[in-house]
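What follows is chain A paired twice: with chain B in the first complex and chain C in the second.
Right, the complex of A and B next:
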């Protein structure tokens, strides 16, 4: 009897759970970077609005870098920069830092637009009704501005979710990286790639449709 | 301060190659953009006026392009179609992926542009004796271009940044070339830092040119 060794094994049920775990990692890194990045971005947006001169001189150019350099270059750059300054970050942590800053740079612009969307007369009125600056921000600007920018914020969040695929460059085994591993083993690229694409689509499409619907309803 | 010694000389030695690669980046991005504009226009019109299968194909294209990662789309054209025996060169993969993505996003932009123009204009043009072609090219499209001009500029910037994914399918545009040199010399940080600067400058030039052109085209 001759024993045969198969190098490639076909797609099995265990692989689905491997893909599932990877999908959870994609969700986890996207969730963290979108949450932290949005808070940070909201703060940056407020700073851009309130500190016109300093924002234009310092903050905006810095945020601009994140918007005009490819994410993949940012990731590789930071991943190799961190050890230079003595930080010991693994692929997940570097990816998280870069994605968070990237999100915050995108959200900052959106958030500033949101604050600008609240009319000046409204703000003057709320202040003359005796509201403090913080109350004005909390009870007038936030509800109106958040509603105005919600659709574009959803767009940014979905974009970051999709861009998180690039963290695979650093070796973090999220969905796309996992698919690469499986393709190498099973030699069935089309099937696996379609499964991965379907996952992103199933996540992104309903959310974008829902936000488009909300936008339409709110604009009436 | 750092225990790391920066070596910039190999980077400056290969700077001409990097600049040449950035021309490659611009070339592939421009071609993808041009194709994307043509296809995006067709998609927009098919979604607005088409019916049956034409409408569904255009809708599926737009939604797939917008709701899956660009990296996935590139891998699909690269490895996915390879399973069916269709093999593209790295250049063709990048071009096809970028065009597919851009056409989808622009299709949605153009549709918004067409919808922003009151339908009475088309009817008025037709009742003045213009045929459909004249009404589109003389009345609708000039107005649509004005509406979608800035989104189109942004899209072009995205295409330039997205072309960096070529690195992952073995195409030597700016990022791919950088990766090539970086892995030859192990000066990863230095190379990618210079590349980031090149991208930043490229994006600034594109935005500046676009502003200049807008001030010329849309004077009145």
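Right, the complex of A and C next:
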């Protein structure tokens, strides 16, 4: 008589939907942090551009910290230290905060470059037409600068999407965390990692295709 | 009328304008000539308040440009300006380039602004380029686009800052022709220029700037044929 407890079971269709859900979580946390982080980063970029001295003294060093400390270190530190100052955030919330700040730090420099790319003569021209500072920003600097930095911004966005994998260390079940669970159960690491890779590709490929299309349209 | 009184301008320790007194009447075309660094362009920038001044005043129709209470955005609607670099808005078509400021600054409706823009594009000879993006236009066409863009605000005065200096030689003519048309229509113009032919033919008066002062001013005939100042003579001998 052979009777054994099944500890391991092979990869099944249900597992695929488990991974699909996890992919949606990856998408969700990436989407939120890229969106909020870009808005915040745009604001920081503007501040760096307009307040050269204050920006260099205060803002830049802070952004430098977010840019240069490895994301995984930031995540672990924040997750463990936030409760000390009374912030009780779960894995998703902590991941979101850190990813957002990380995105904003990356976008800030890109955004400043965008404003610089527009150039002073262009801005003097729009002001000479009677536009206010804000009108110049809204109708001239933003559309021209945004187009100029779009490729770099897409690079940042795709990077953040992949970096969101690191939130798995906090226990948030996104793609990588889900794959670890499945690998432990099925003992089929290669297959599962292949599937996870395909999911990441499926998430980023449309973005990069669409952005290439936009760039082409703008370059006309 | 634009009247400039005792205007001084410094860039840090550099005394760029050293006391300019000038009046430009309605309908007059004044050409400003002089060597690079004589303060010509800075002078124009002070007239529409792009550059602050340290002493003296600029009155445009009685409004003090550099007074703290002056609404510069409103004042600048009276002063169209065309620069050496045309600075077309690259993300907008020709007609959108021209219609943008009327729409957002003058709060015209979109159709009104487009109508004005179409009229001004026709005016400068770009009637067939409404929906073309600037990068498909030549330098001369882009400079005419810049003129149409300034005219669309219905300014009382036009300031030209070396409008043809950045153009290839074969494109200078079309821009000067457009400026000529404006002068004939009675537009009040201040043209900083290196085009002596234009200054001679089109202007009512020519001012020669030398090291931040108006060295000599007079009719084109007088300046070009019988210059009084030694500096003017030297300069004209060089550019001829």
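We take it that the second predicted complex is superposed on the first by the 201 of 220 C-alpha atoms of A that agree within 3 Å, B and C clash if a C-alpha of one lies under 4 Å from a C-alpha of the other, contacts with A are read in each partner's own complex, and residues count from 1 in each chain.
The rule we apply is simple: a contact is a pair of C-beta atoms (placed from the backbone, for glycine too) under 8 Å apart; a residue touches a chain by one contact, two chains touch by 3 or more.
If you're wondering where the values come from, they're calculated on a predicted model, not measured in any experiment.
Engineer: Let's test your reading of the overlay: on chain A, do chain B and chain C clash or fit side by side?
Structural biologist: fit
Engineer: Output check: A:205 vs chain B and chain C. Expected answer is one of first, second, both, neither. What do you get?
Structural biologist: First partner only, chain B.
Engineer: Determine, under the contact definition given at the top, whether A:218 touches first (chain B), second (chain C), both, or neither.
Structural biologist: A:218 contacts chain C only, not chain B.
Engineer: Which holds for A:127: it touches chain B only (first), chain C only (second), both, or neither?
Structural biologist: In the superposed model, A:127 contacts chain C only, not chain B.
Engineer: On the A-aligned overlay, A:73 touches which partner chain: chain B = first, chain C = second, or both, or neither?
Structural biologist: first
Engineer: On the chain A superposition, what angle, as a multiple of 10 degrees, is formed at chain A by the C-alpha centres of chain B and chain C?
Structural biologist: Angle at the centre of chain A: 100 degrees.
Engineer: Residues of chain A touched: more by chain B or chain C?
Structural biologist: Larger number of chain A residues touched: B.
Engineer: In Å, how small is the closest CA gap from chain B to chain C once the two complexes are overlaid?
Structural biologist: Scanning every C-alpha pair, the shortest chain B to chain C distance is 22 Å.
Engineer: Would you mind writing out the residues of chain B in touch with chain A in their complex?
Structural biologist: It is residues 2, 4, 63-64, 66-72, 75-76, 79-84, 157, 161-162, 164-165, 167-168, 175, 178, 188-189, 192-193, 195-196, 199-200, 203-204 of chain B that touch chain A.
Engineer: For the complex, which residues does chain A have touching chain B?
Structural biologist: So the residues of chain A in touch with chain B come to 64-65, 68-74, 76-77, 80-81, 83-85, 158, 162-163, 165-166, 168-169, 176, 179, 183, 188-190, 193-194, 196-197, 200-201, 204-205, 208.
Engineer: Given the complex with chain C, which residues does chain A contribute to the contact?
Structural biologist: Residue positions touching the partner: 121-122, 124-132, 135, 139-140, 143-144, 147, 218, 220.
Engineer: What part of chain C is in contact with chain A in the complex they form?
Structural biologist: Listed in rising order, the residues of chain C that touch chain A are 48, 50, 73-74, 76-77, 79-81, 83, 85, 87, 89-91, 100-101, 104-106, 133, 146, 149-150, 153.
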